[in-house]
Amino acid sequence: MDLFLNNVSFLIVDGIAYGMVLFVISIGLAITMGLMRVVNLAHGSFAAFGGYIGIKAVNELGVPFPVGLMIAFSGTFLVSIVLERLLYVHLYKASELKQVLMTVGVILVSIASFNLAFGAQSLPVKLPPYLTGPVDLGFREVPSYRVFLIAVGLAMMIGLWLLLDRTRFGAQIRAAVDNRHMAESMGIDVMRLFTITFALGSGMAGLGGALGAEILPLEPVYAFKHLLTFLIVVSVAGFGNIKAVAVVSLILGVIDTAGRYFVPAYGAFVIYLTMIAILLWRPNGLFSKT
Amino acid sequence: MQPDPISPRARILQALAADPRTRLLHGHRFRAAEALPWILAVVAYFAFDTYLSLGIAVLIAVLFTLSLDLVIGYAGIATLGHATMYGFGAYTAGLVAVHFTREPVTGLFMAMLAGAAMAFVTGRLFLHLRGNTLIMLTLAVVVMLSEVANKATSLTGGEDGLRGVVIDPLFGIYKFDIWGRTRYWYVLVTLFVLFLIARRIAHSSFGFALQGIRENDRRMSAIGSPVPWRLLVIYTIGGAFAGAAGGLLAQSNRFVGLDVFSISTTSTVLIMLVLGGTGRLYGALVGAAIYVMLHHFASAINPFHWMFVVGAVLILTVLFAPAGLFGLIEKLSSPLNRRAR
Amino acid sequence: MSESPALEIKGLCKSFGSLEVSRNVSLALERGARSALIGPNGAGKTTLVNLMTGVAKPSRGSVSIGGEDVTGLSQAGRVKKGLARTFQINNLFREMTVLENVYLAASEQAGVAGDPWRPAARHRGVFEDVIDALEMLRLTDEANTVVRHLPYGKQRLVEIAIALSLKPKILLLDEPAAGVPSVEVEWLLDVFMGLPKDLSILIIEHDMDIVFKFARKIFVLVQGAMLMSGTPDEIAASDEVQAVYLGRSLEGRER
């Protein structure tokens, strides 16, 4: 019984940690879909990109892990500004089919590029010593890496909430999500907003990619492999709904982790089935108004 | 007594019939150029007899892409789940051959039925949702089936795939030999027949109504069109054709692998269609043929380089040539056609 | 023995959130009606049309066609019962030709749009219906012109041609003259006058010229509720109606 509880608490911690990674990565996708109505299937590529440059910096240049995370964020941020101006700007008024096609193209190019630059094997992560090994919380010992993930995730959640709720920039985003034309006529430079928001969201994805590199290994086909997972989080939560994305990420993280432990034979099957059922019931996401 | 042949209405109709721009009155007529791909296919059999396996792969890909053109190109249903029906058809044909009968036409027919059934069920569940949600749901079904096929090892062979698909001689006479001679004709004739059916549908009033739905589904409802039903019908037909492609795959490879249900397969067929050009049937032909042939020769060098090229071409196509290769051909060779399509 | 009205709405109510857009609206169109619905901008006229056609569901009230309750019937279902409408802003198949636009409607009406086998060209009867509709609106010369290339006024005519080819019993025209050059409005009126006598027509219009020349009965909608209805003379003489329109510009077709 004690062992069972021990395992369960491990699973919960693991699951929440995984959920945090999902949140950090997926929130950018949710905002992009909610604000610009663009389905960026290549979102995982941005996560992988950030992961690759961040972890490479840690592994080979010996920078501290947090600095690696900063590199992951800023590198992806900059690259996504370029891509937004070059490519994604054409998708804002395009049909869903065009969006799918363009972003699938981006995925393919990214897979090939990652393979060329980093090889086909998944990138090993050299975690710093303070992140390997357990942390004693008093009543329980938990792996410090997981605790780190949860801490960073919480920090991002709070940071984002503050950004959206308390800053003028955040207010502009919320206005534009709610009613784009209204926002434009109020003098908000929507195009610039799009660029910055896209870069922010993709930057965070990059950060998430580096952050979660131990759980979601970095490999060229990363974007395809986890495509459906990110899409599930975003579509079940409802586009543009931050709190919902947080809740759904955490729940999904726990369910997926527990599922792999208790019923490995079914794998992700149950999750997909549940997602389908939820979307049939509430096509705009669980927490949407319609 | 003949009705007055020179009534104003009849005169107008005659004038329209004489005007080559009247697509509705002329589209269904066969043009000489349409025989070209089929002549090429026949010539290829004799001229490239060491490449018959590649030829068969091209023909199957053409059928698969054709089935998607009916759904996306004509009806405008944006789906990432077409591999569902394809894979279902493949496994059905394979399982039929392993467990019930090795007669190929029966297996093919069962595969088409399976594809149609799968399309009907998923269509019924999902088609009323359009846009992003539909894309995600159809993708989810493909991935889900991949999981199921992976785990149901006793049925599908799991990761190793379904093996031992042996096919009896066609009509009891023509053996499916290792050189692919019978197989090539079997696949070609099936493709030809199904293509003619697809062409017939495309030029019917139903096919035209589908294009109306694609262009403006709100207006179609306003003129009394039962839009959900029409979409379900074409989705099911597309599913049957995709199932046929999968069945042919199983029968000619004598093997079914998990990759029929992969994200890669479902996006490749979309890519082939878009590169060739949607909504023209011949675009599917051109796109699939060129893609498969190029892929065969290029990826022998390095599969990742191929991926890069495809991705780049795809991005460029979306930006600069949204009507695909066929659209480019039309634009360049049509001083007569004043329209985009 | 009195016949059921061709179209009747009783006590229709519709709210968007707390905003009441339609408040207990009732009206009836008899067979062969020539009626008009007028009211200031924002009165809820198009919403009413949406409620009649089934695009929107009322929170209360009923819609019946020929005495038969159709409140639960879909838009497509009501079209089959003989109800056709045009849109205030052109809602056409822009990449298709005029002929193709009208063919879509005519083939639907003739019941052949579900036929996946016979080539479209073989349905001679449908083409004759299409040409009839085009002739009525003098669009035969533009039959093979892509709608997108037509001037806005002509596109408006295609709107009407589509509705006519549905061979409706009831025709709802939502601001048919909007965007039509004023020199052609007179001619448009001629077309309306020439429509079949037993067709029930309701025109929603701001152009009072058309309204008073065309309509035998006028309904006045203000802020979602029916203010009054009557003959053109009664409406013109009404102080209430004058008050509603006083100081309001009759230009501006935005909604």
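Per-chain numbering from 1; labels A, B and C assigned in written order.
In the analysis below, a residue touches a chain if its C-beta (ideal position, glycine included) is under 8 Å from a C-beta of that chain, and two chains touch if they have at least 3 such contacts.
What you see is a predicted model; the values in this text were computed from it and never measured.
If each chain is drawn as a node and touching chains are joined, the picture is a simple open line.
Ranked by distance of CA centroids from subunit C, the top chain is A.
If each chain is reduced to the average of its C-alpha atoms, the one that sits nearest the average of all protein C-alpha atoms is B. Centroids built from CA atoms put subunit B at 35 Å from subunit A. Separation between the centroids of subunit B and subunit C, computed from CA atoms only, is 41 Å.
One inter-chain figure worth recording: subunit A and subunit C are separated by 50 Å, centre to centre, where each centre is the mean of the chain's CA atoms. Those residues of subunit A that touch subunit B in the shared complex are 33, 39, 87, 90, 94-98, 100-102, 104-113, 115-116, 120, 220, 224, 227-228, 231-232, 235, 265-269, 272-273, 275-276, 279-280, 283-284. Residues 8-9, 12-13, 16, 19, 21-28, 200-201, 203-209, 211-212, 215-216, 218-227, 230, 233, 237, 339-341 of subunit B touch subunit C in their complex.
Against subunit B, in their complex, subunit C makes its touches with residues 53, 55, 74-77, 79-80, 84-85, 87, 91-97, 99-100, 103-105, 107-109, 112-121, 123-124, 126-128, 131-132, 134-135, 140, 143-144, 146, 162, 166. On subunit B, the positions that touch subunit A within their shared complex are 72, 78, 80, 125-126, 129, 131-133, 135-137, 139-141, 143-144, 147-148, 150-151, 263-264, 267, 270-271, 274, 304-305, 307-308, 310-315, 317-319, 322.
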